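In this document, chain identifiers A, B, C and D correspond to the written order of the chains, with residue numbering beginning at 1 in each.
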Amino acid sequence: MIKVGIVGGTGYTGVELLRLLAVHPQVELTAITSRKEDGLPVADMFPSLRGRVNLAFSAPDKADLTKCDVVFFATPHGVAMAQAPELLKAGVKVIDLAADFRIKDASVFEKWYKIPHTAPELLEEAVYGLVELNREQIKGARLIANPGCYPTTMQLGYYPLLKAGVIDAGNLIADSKSGVSGAGRKAEIGTLFSEASDNFKAYGVAGHRHTPETSAQLQRYTGQKVGLIFTPHLVPMIRGMFSTLYAKLTRDIDNAALQALFEAEYKDSQFVDVMPFGSLPETRSTRGSNMLRIALHRPENGDTVVILVVQDNLVKGASGQAVQCMNLMFGLPEETGLQQIALLP
Amino acid sequence: MIKVGIVGGTGYTGVELLRLLAVHPQVELTAITSRKEDGLPVADMFPSLRGRVNLAFSAPDKADLTKCDVVFFATPHGVAMAQAPELLKAGVKVIDLAADFRIKDASVFEKWYKIPHTAPELLEEAVYGLVELNREQIKGARLIANPGCYPTTMQLGYYPLLKAGVIDAGNLIADSKSGVSGAGRKAEIGTLFSEASDNFKAYGVAGHRHTPETSAQLQRYTGQKVGLIFTPHLVPMIRGMFSTLYAKLTRDIDNAALQALFEAEYKDSQFVDVMPFGSLPETRSTRGSNMLRIALHRPENGDTVVILVVQDNLVKGASGQAVQCMNLMFGLPEETGLQQIALLP
Amino acid sequence: MIKVGIVGGTGYTGVELLRLLAVHPQVELTAITSRKEDGLPVADMFPSLRGRVNLAFSAPDKADLTKCDVVFFATPHGVAMAQAPELLKAGVKVIDLAADFRIKDASVFEKWYKIPHTAPELLEEAVYGLVELNREQIKGARLIANPGCYPTTMQLGYYPLLKAGVIDAGNLIADSKSGVSGAGRKAEIGTLFSEASDNFKAYGVAGHRHTPETSAQLQRYTGQKVGLIFTPHLVPMIRGMFSTLYAKLTRDIDNAALQALFEAEYKDSQFVDVMPFGSLPETRSTRGSNMLRIALHRPENGDTVVILVVQDNLVKGASGQAVQCMNLMFGLPEETGLQQIALLP
Amino acid sequence: MIKVGIVGGTGYTGVELLRLLAVHPQVELTAITSRKEDGLPVADMFPSLRGRVNLAFSAPDKADLTKCDVVFFATPHGVAMAQAPELLKAGVKVIDLAADFRIKDASVFEKWYKIPHTAPELLEEAVYGLVELNREQIKGARLIANPGCYPTTMQLGYYPLLKAGVIDAGNLIADSKSGVSGAGRKAEIGTLFSEASDNFKAYGVAGHRHTPETSAQLQRYTGQKVGLIFTPHLVPMIRGMFSTLYAKLTRDIDNAALQALFEAEYKDSQFVDVMPFGSLPETRSTRGSNMLRIALHRPENGDTVVILVVQDNLVKGASGQAVQCMNLMFGLPEETGLQQIALLP
């Protein structure tokens, strides 16, 4: 059994980790920390876990995380970089669901996240946990930077086309939409029900942290200079993420060949579902599951290809992907404990 | 033109007052206070008001509210009782949308609201602003205690039956449901979209402040000792309030006679719509309007009568009712500026 | 492996059976019928099942259901009664999710459902599938009448109090609220998003089919004449059911003793969670899971007890309960394949 | 008083016309037709109108529409083209909210709408009712083609940039999102609450009727060949439309100059609100009002300009715009009866 610790279990990615790990056949939940909720049974905060998770939150200084085999950080940016060095030294593997190790260049990180990077020496070693594009590296990793939710959809959607060299890498437009849970479990007016319900809006239009993360990764994989315009929006739904990706074809290629690029790329990736050409995926088809679905379109058969990508932002976009990484790191089949079928309706 | 001031304009009852008063033909909006937002144009916080309300918030000490003809308090409990005495002395009428003057007995108030009452000398004079049951008193009032949202539905729903003496006053059960805006515009986890959406729950089951308010008023009107069980619930919708009121008939009375009690009672009240017997009112039929709708039912023709009452909690349940009071206090037709038709769909 | 057939798999209880049975370790999905969708892969209609359910719908006459060990009817009322006799004769067990066998008295059934009962000879044998109150009978049953969603909450909520004889059985008021999926997957204007969203309403106030079902069952268990007023309401959420149950205490009994009645009754029922006295259960704590949660309240410590009951209407209220019955009928542990944790948020 | 008839008053644009016209100071509602609902009081179908609209639906053959001054067609495509010739002959003005007269080229219309055009002789005369770009023509019109909802946002968003010649007209990408009411009041599974809630999806990606309408109009105004990729999406909200418009700048121009183009263009258009550069408009800021709001962005100060446009799809996107046209056609101030402030929250 893998002994698992979770730092920061009171947010949405934390409770989602608990939902997944509580039924994972190879996991023993060992510690969950929360400075504020020390002593509170987890199930008192999240009644969905009554009778299923018997742990209580413990203050960080009381929890001996070095006894864990792996520790997940479901924390704000900056926490993992402070604690990871010591854990790694003690032989504990670390999976950070925040952004601390996603961007290889510390100065770029600091520009976008406005905090100093306190563990730049780990940036080189950290493995970006996008399983479908980094599977082998993840297997041997000690430290995982779990991808951002939006970047997961953008990378998996654009990669096969960039790799094949059939689109203009300098001219990508990603129009993305997220459910409100992506904003986290924080007391803020902007995400109150009465503010966010029956409403639609964009945010971060002038520049969003997920743009450099995505561009840098796509450039690393493909060696092409990527120019990406990314616009995130807030949808009045709890879970779900939808990216509408636009690209200009630079070569004459028919739809079947485009489709074949995706099917070949993801044929061994059971959590990426390449739907038939022209399909219309819905976010709810992934609700609560680790599936990500992709469908290709070509409006009026012109030179623009539109890639539609859906996932559950809290599962494949966060906690599910983190568990997928953990499985690989411990030699388990990638899908272990991740077989939940989406809740529809 | 009536010069109007609003204390505490950053909450939902405040912005709703602005929506109604900005198009009120006899009103001149004069001052809106907010300690925190001093100097901020109101339309910057509420873009729905861009081009329609040109006022900025001003700090309480900068706003000379004594120049107003009437001041609305859209504030937390306790604010109006502190400021009303001085305003009244200056000849300014006061309408409090909070609970400060709703309960005549200061000790009952203090028990339920957990704050000392600092202006008990005004309790006797204060007029309870439930227009349909207190119209004449309101016309002459200087100080209005605007009713709570739930109490409005319960009083208007039970009153005709209690007055006629056909139900057991000691055995009333009110099962009420409110949209989330009733919880106000406060940064709290419990009313986040991701917590309140796709969910239903009760609250305040062991005892809620609106129970004593309602019981006391019904007793005042009818002289009967009222026994009321009241259970509020939270509905994943922004606006709307629905009360399902149960009562036991104590006399043999047919449905037409029951219906006639309501039609007679409210025949001159244009904001109370007594629907045909057996109708199924929907909250959305009142969305954004000052209408309250009532429908009577008698399950399997037994001795229980079920009264269904709907309203918009922010209009007839709060700001609309307050404007209705203002109209009467200033000799205007009751419906002035309150003719908005509900937004459906 | 249990060979399972589903008649009528295109509705919400059908797809929910598929979600549960596709991961059930002892089940082999064998046939799923739909007259209209003959030949269509199930996953084309419900993309959440892509890669997980490979069956196609087949027309009823093409599917040899007699080869199944058990057949679920996720059909409108009237279908199971037509087909059950033949299946039972062939040695196939039958679980009907509709109402055909819920009411023992055919004339009562016909009065409320407005169709003639064509298999009254099976009514005596049919076992009412409310597991927690009928566990032993279900184990030996050939034919199960799966309970209605509302009746499940009302029976489990009232039973311990009626059994103990501490409440007035003739004076029960159940105010219940359901998510919209309870209305089924039918093209109707009333349940369109634009009609049902941001809205709340009651329906069936004058009399609803779940009243006689509930009353009759409670009378069978307890021998007491039950008088029940039941009011269902529609909540703008997909899944979830909430019943607020009111009863008058007839004996002096303290809260701890009330609580003990429930804890004793359900101590061996892992899908009934008796929460601490005074808890406030939320429907979302059961979303997608087979849990039903109960909490007791006593407003202002008077003589009314309020029982709050939540469940997912499609799981414990329908398909999950049906699978729970199947498990018992085939000698499996009751919880087999039903361990999903609720999706929160 | 303008005598108004409405053909097809049972859909969402129909009831929205009623909401607006019932309080319009210069309108007398004269007839509302519905073949199916002949004789039914309008307020029985739409209880929001109880006490405000006393008309009943009448069958088309019973209503003498030739006595009206103007007739609105809130009907499916194809109805207005059948009835308009006769009404125009009788001196009645016609405003069609459907697409019959939006596209000047009958063959293009027939290609996209799959029905023959039966009144091509009126296409030349018909005036496209986008007030801000066609104001003078509308004043003199007998026949108005009210614009589609999406095209309204795209045209008003792109026009100032195209007119100034600062963007690449051949390379426009419009990613648009609509509330569910845009799908109309039709009994269909796809727009049921349980299907559309907590979900997000695209539709019509391969080609949508609003693309040719928009392209053709933008070409007419500007003389430039327009290349437009348009992707509509469905948002789980009742009302509201959001367009995220992307364009490539072809000239060196600073943000202030871009902003000035919009402010100059719409300075006399009180229903177009050009927000400060970099603003984040929300659909709810237009809920129930005739306002359309625009905000400009320039991601990372590159050569892409992003124009955000919001409106209420049923008001400025349909019925409000139609009333705005009517006002101009009858010499009234454009804003008459259209001063409703958006409902927020």
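The criterion applied here is as follows: contacts are C-beta pairs under 8 Å (C-beta built on N, C-alpha and C of every residue); 3 or more make two chains touch, one makes a residue touch a chain.
Predicted model only: the values in this text are computed from it and were never measured.
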| item | value |
| --- | --- |
| Higher-contact pair (C-beta pairs counted), A-C versus A-D | A-D |
| Centroid-based (C-alpha) most distant chain relative to chain D | C |
| Computed distance of Cα centres, chain D from chain C, in Å | 45 |
| Averaged-CA centre spacing for the pair chain C and chain A, given as whole angstrom | 36 |
| Distance between chain centroids, defined by C-alpha means - chain A, chain D (Å) | 39 |
| Junction residues of chain D, two or more chains touched | 12, 179, 181, 185, 194-195, 197-198, 236-239, 281-282, 284, 287, 345 |
| Interfacial residue positions of chain C with respect to chain A in the complex | 12, 15, 19, 22-23, 46-52, 181, 185, 197-198, 238-239, 270, 273, 275, 281-282, 284-289, 291, 293, 314, 339-345 |
| Contact footprint of chain D on chain A as seen in their complex | 173, 175, 177, 179, 194-195, 197-203, 205-207, 211, 227, 229-231, 233, 235-240, 242, 244, 246, 278, 280-284, 287, 297-300, 302, 304, 306, 308, 310, 345 |
| Complex contacts: residues of chain C adjacent to chain D | 12, 179-181, 183, 185-189, 191-198, 236-238 |
